[in-house]
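Letters are used for the chains, namely A, B, C and D, taken in the order the chains are written, and counting of residues starts over at 1 for each.
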Amino acid sequence: MSAFGPLFLPDAMREAVSGRAWLAAMLAAERALANAEAIAGAIPAHAAGPIADACRPERFDVDRLAEQGRGAGNPVEPLVRELTAAVGGEAAGYVHWGATSQDILDTAAMLVARRASGLAVEWAGALADRCAGLAREHRMTPMAARTLLQHAVPTTFGLKAAGWLAGVAEARERLVAVRAGLRAQLGGAAGTLGALGDRGPAVLGLYARELELAEPALPWHTNRVGVAELGSALAVLAGAAAKVGRDVVLLSQTEVAEVAEGAGGGSSTMPHKRNPTASTLAIACAVQAQAQAGVLVRGLDQEHERAAGPWHAEWEALSGALAYAGGAVHAAGRALDGLRVDAARMRANLDATGGLVMAESLAFALAPVHGRGEAQRIVAEAAREAAEAGRNLREAAESGAVPGLSSGAARAALDPAANLKAAGALVDRALERYATRPGGSA
Amino acid sequence: MSAFGPLFLPDAMREAVSGRAWLAAMLAAERALANAEAIAGAIPAHAAGPIADACRPERFDVDRLAEQGRGAGNPVEPLVRELTAAVGGEAAGYVHWGATSQDILDTAAMLVARRASGLAVEWAGALADRCAGLAREHRMTPMAARTLLQHAVPTTFGLKAAGWLAGVAEARERLVAVRAGLRAQLGGAAGTLGALGDRGPAVLGLYARELELAEPALPWHTNRVGVAELGSALAVLAGAAAKVGRDVVLLSQTEVAEVAEGAGGGSSTMPHKRNPTASTLAIACAVQAQAQAGVLVRGLDQEHERAAGPWHAEWEALSGALAYAGGAVHAAGRALDGLRVDAARMRANLDATGGLVMAESLAFALAPVHGRGEAQRIVAEAAREAAEAGRNLREAAESGAVPGLSSGAARAALDPAANLKAAGALVDRALERYATRPGGSA
Amino acid sequence: MSAFGPLFLPDAMREAVSGRAWLAAMLAAERALANAEAIAGAIPAHAAGPIADACRPERFDVDRLAEQGRGAGNPVEPLVRELTAAVGGEAAGYVHWGATSQDILDTAAMLVARRASGLAVEWAGALADRCAGLAREHRMTPMAARTLLQHAVPTTFGLKAAGWLAGVAEARERLVAVRAGLRAQLGGAAGTLGALGDRGPAVLGLYARELELAEPALPWHTNRVGVAELGSALAVLAGAAAKVGRDVVLLSQTEVAEVAEGAGGGSSTMPHKRNPTASTLAIACAVQAQAQAGVLVRGLDQEHERAAGPWHAEWEALSGALAYAGGAVHAAGRALDGLRVDAARMRANLDATGGLVMAESLAFALAPVHGRGEAQRIVAEAAREAAEAGRNLREAAESGAVPGLSSGAARAALDPAANLKAAGALVDRALERYATRPGGSA
Amino acid sequence: MSAFGPLFLPDAMREAVSGRAWLAAMLAAERALANAEAIAGAIPAHAAGPIADACRPERFDVDRLAEQGRGAGNPVEPLVRELTAAVGGEAAGYVHWGATSQDILDTAAMLVARRASGLAVEWAGALADRCAGLAREHRMTPMAARTLLQHAVPTTFGLKAAGWLAGVAEARERLVAVRAGLRAQLGGAAGTLGALGDRGPAVLGLYARELELAEPALPWHTNRVGVAELGSALAVLAGAAAKVGRDVVLLSQTEVAEVAEGAGGGSSTMPHKRNPTASTLAIACAVQAQAQAGVLVRGLDQEHERAAGPWHAEWEALSGALAYAGGAVHAAGRALDGLRVDAARMRANLDATGGLVMAESLAFALAPVHGRGEAQRIVAEAAREAAEAGRNLREAAESGAVPGLSSGAARAALDPAANLKAAGALVDRALERYATRPGGSA
């Protein structure tokens, strides 16, 4: 990852997609292969022990493997050479038996993906919980809804948070499902399990079980649908987190000031700044996660039985998509952690347009009298006149500027609460759905 | 779509995402809204009839609506004006009651998506069936597996087709699932269902039922996870189709000539050309589908209660992702339709390297004698010498160039069929899986 | 383009990338080819006239060509057939002489690109002019600069507009340069000009001159650097326009209200809304333009002498990138056209934080006394205390809360104008640069 | 970068975009700032020395800066704190005087970009030189041109290499131009150079000169056109390299075997494999470079005076785009380095279709007799018949199967050399252009 990785990514995630993690995962695959083959009788039973013993990450160096792997185009070829040397004796001949580099590297990728996506799922759960908490707490806290960033009509902050929750929970649920289907890879040189003879399918099953990965019907060397679906799930989750970040950034604006991150960031030169830093990093992470996921999707049309390029582009892309999607949900979670919500300011902003935000409601109240089109015209006119006169739509309406409506009816129509009858019910629906869906209890 | 749309897209798909289709879908949404509101008592019962009557596409002009919608930033605003005028009388006041433009346009998008993705699912099913047919028919037809486009070891054409099948079927399955979850949109100006008072949730339920779309827990004006997941599913399906196209293009090369499209394309200047045109279009379609899906994923972080830009970018992107994903599976299906498979040429190509493709097998046979590393070294050496001598590894091996192996053992190790024991079983697994998974019988 | 194209795209642009435009361009290429070949003596002189005569767009139907082109994978093959029939007689045999489909289609693409990018350049010029006008007019109009959307320190609206200008003008300049280099395509079946014998290079030169396109050193059938550079220039220009749109949307927010689009858009349900619609469309257009440009960049690695897929994906992508980049600059131009700038509100927002925005300035004034780190600490502390006390940093500072600074010095440091000394000079630099750079006078 | 970075990237490039390189560049910016300010009189002259002295990379730790920068959202804030402490005394107060974090980080990015893009330019030059060498050497070596991967007509390998050359040289030229315009960044908190009073512009000029970067008219904190143009140039260069890699992979196929990489890669299990590894890595690198460049283009619409997210996403994206574009040209260069070109095999492949590849030529020869349409029909028919009879178009034509053509005329028309008259001239044009264009002599 980047020079400034720690800025974006929690340590646990950096570790989960690190060279060390990839190396350990490759060795886990070699070990599981030897064990599975010994059980299935594809290699002598006594060969498995020495191989498993030699599969210790501290013996190998990722950078050296990568450098020596340049010729072969992947790091497994030198790894197998070093591992074979480390095993020694007769067992050495059974290292990597019947496998191809891609078997080991793809399986390692899935092990890395399982661990890293596990973090992303966990952090997405924490983020969703925070959204749910805000939805519950601010179920009926009125604020201005904004469309095209303009005040529209009232909503509640709880409903906004429920919208965040819905997005994050749905995206997380999908990642949970994709994660459960991560598959072991074993096919041999060309996906035929050729060198294992009749025992191929049995070895495949045992190998997958050993690694606690799903057993594929077929080797998937150039069927990358699973990889692309993983990438897509990560991109979508990152985007759902970015939506939270985006709204927090907008609500934190100096002029809006309805929320503030608990631990807003300082500036190298402006002593007063309290930047929505975590939200900002959530947005930045999502951009990277989506770019890397795009590589995985673009890479679907891999040639024949092993691709010349698209497969090689996956390693960095997968690490990046996992890490940055995790980084996005983690950062969005930090943005909401201790979020200061200023309900009074929300109310003040809502009132600041002097009732303009209730214009739709007023038009609805007038509709039975004048027909809706005419009602909208009248209200728009009254709003314009009030604005020009520096008056407030509420005052104007209550003082009779809206023909056909008593001042009492006008007052009722201009009460934000009147508009929010369904908002609470919608929040409840979202919380209920979150409570009952698989993964919803994270 | 493009000037050369018909080249890429079947008529049915062009129609499904056309302006006419969008218009009809918007009117279906307005009609369903009026009906739902009448049933729920949100508008007078007698208003629904005239509204429904007026919702006839032939009355409206998409281009005019789009042009008049430039000011408002969407075509619903002028549509509602025209529809209101068309309804006339008291009922006119109840057109679009409590809805916002995005309710209608998002719902229309989902109706368009349902129809267009239905075509894509159908064509993906036909494509999968063709893959399955080839897998069955050529279960044991030997051919060279190619890794990094080099001969590796033998495989069967059936196993290659089974790999296509697995990818297409998985991607199709995902689209089927996403399609089943397409949701109606109804939230009013800011997603609070504010103008419908207590009746909001009831109207939402009735509206969704009327349209046979799923009922969301919440309006999803700026929770675009569902849209992004639809886009992702389309991008992945298109990529799975492109993989088929890619392999067909490669196998059709003049020097390879193992398959030929049934209806290969001609050239404007070369009388002899038989181009793999359908495969080519499948690849081209996938590129577009993925670009458009990228817009949908990128657009996840929509601001507040209605986005200023990302939402507007979705309309073209959704149409494009649907149409081109459909185009990709359709074209790949055409590529396989009547595909001429030349098993003799496959065998000849396999043999052309004079046994080189069996080098791995030979090394495996030698491993018990010399240890695997040494065995690989010996075989590589023998292969190099044979190549330099213009001889064939088979001849070399059978005439004793591989120390430690009887000529009989060498012959056995060099028989492609020996390597293919598991291939048939793998094909069977893929066919079985296809037969039993939901959607597999399409 | 999309069902809602007119919303996004001016009529002139829709026309410029329409099927009609592509058809006319293909015919212009065939006509120029015949003329060039007649002059060079590659075909009989009398054949050119009848061919040129037959190259009338009204004789052909794009949809039919596209449909009939499905088999060949492009629309030129049927076009040549129809054109040959239309020419008749002996001259018919010299239609499309020595050319391949890609020669005609690539040349047509460049003609379409020239016309459509001409519109984009023109609109970008108008947009830049409006930016320049705003920069000039508001050279010293103070407003809050915002970093991470938080008030930072004062700037001027003129400097903000100068920043827009710089981006748009640079991006436009690049497009102008790329546009000047658009190349004719002519290579024959495989880029060797084979069928033209010795006369190939001469014909190529005449053909390019006839079309007023640049003459390439080589046919560029699979060297798509020029196409990718065009796409990139369009993507960047669109992004520069989106930056303008983004800022206008943010400045138009209800709570900010510093600018308003002259012709703000209405809403289908909220009578009071004045949406920043043009800015919104600029953002949406940029997203599409960038996605389509991405297809062109991704398509660089085209196989051998004609690609199977990436070339075919270009047609829609090029039309889209051109149209939407043009749409973006046009929409951003509309956003600025008649933009209402509320300088009083800018000043009021600047003052709203009670001097907080001057905290950096205060810290700088204090730095000589306490050292900079300590100065920043003191000011941050004072700001925090003032905020908690509901006081204003200005009042606090002037009443002595900042030790070591006289109230006069505090007042001076807290005057926004003091911070803006260089702003005017920077605006002048930008305007000067714009006035003197090629293309700057548009 | 990735766990397997060394596989893709030369050490020099890994170093050029490493954390160490970024740190050194940030310190170079701080040092230049102090020097410029001292010269301009913005800070005391004696402050510059101690600051410059303290700007030694070995004093700082990138990981720690990144971690401590999480709160502020960037690593400059902690760097300035540490640097200030390291300077000590009175001079400490003048560290980072008048600058903002983005000034330092953007300037550092441009310094990193200059060094890394310098490597990319150099390697692109070496790659272009190799292409030129092949073009020269194989100017008239006949081979089959392939369109849609099918034999089309003859070309020469020199012309193919000239096409590679044209693409790489054009893309390199663009990068050279963009590189020459890389700009220093200095604007202070909000781009107004506010804290520097009247001296701002002078300091900006001195600072840029000190760093040998271009002086911008304005600070470009949120005008990212320059960054996006750099990204685009890198993406296009990488794509031009991938085109080379793609063709080498295709020409290396077992059945084609016209070229082989000098140092083809081995396999972990197949002793005979000689994979086109360098070409494969070139393709993979291009995919990553383009994805990262996409982040830079997407990030153009940065908010107000400093963006909340898009800017932060640039750091990794810029490093990645630089490194992988460099990796792509480097790998493509390695692919051509020692490339074994088998002219005999090229000729044999050309002949393998028994003259089919000359069908166009035959049709042209027949055209004066029968008219072109009819001539094409006759030849297509003859080709089909010959194919079915297992005969060769050449034999068929020479034995009279093509009415209207003497066997001598048929023989002449079927001679590949006849088709290649212009090919040599085209190669010469490309070589000449390469020799005379700026940057062409690399």
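In the analysis below, a residue touches a chain if its C-beta (ideal position, glycine included) is under 8 Å from a C-beta of that chain, and two chains touch if they have at least 3 such contacts.
Everything numeric here is computed off the predicted structure, so don't read it as measured data.
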item: Co-neighbours of subunit D and subunit B - touch as defined; value: A, C
item: More contacts between chains, C-D or B-C; value: C-D
item: Separation of mean Cα positions, subunit C and subunit B [Å, integer]; value: 31
item: Inter-chain centre distance, subunit C versus subunit D - centres from mean C-alpha coordinates, in Å; value: 23
item: Subunit C: positions in contact with at least two other chains; value: 73, 100, 146-149, 152-153, 188-189, 195, 242, 245, 249-250, 267, 269-270, 275-277, 280, 283, 294, 298-299, 308, 360
item: Contacting residues of subunit A [partner subunit C, same complex]; value: 144, 146-153, 249-250, 252-256, 267, 269-277, 280, 298, 349, 352-353, 356-357, 359-360, 363, 376-377, 379-380, 383, 393
item: Touching residues on subunit D, where the partner in the complex is subunit A; value: 1-8, 17-19, 21-23, 62-63, 66-67, 69-77, 80, 96, 99-101, 188-189, 195, 242, 245, 249, 263, 265-270, 275-277, 279-288, 291-292, 294-295, 298-299, 308-313, 315-317, 319-320
item: Contact footprint of subunit C on subunit D as seen in their complex; value: 73, 81, 84, 90, 92-95, 97-98, 100, 145-149, 152-156, 159-160, 162-164, 166-167, 170-171, 174, 188-198, 200-201, 216-226, 228-229, 232-233, 235-236, 238-240, 242-243, 245-247, 250, 283, 286, 290, 293-294, 297-308, 360-361, 364, 367-368, 371-373, 419-423, 425-426, 429-430, 432-433
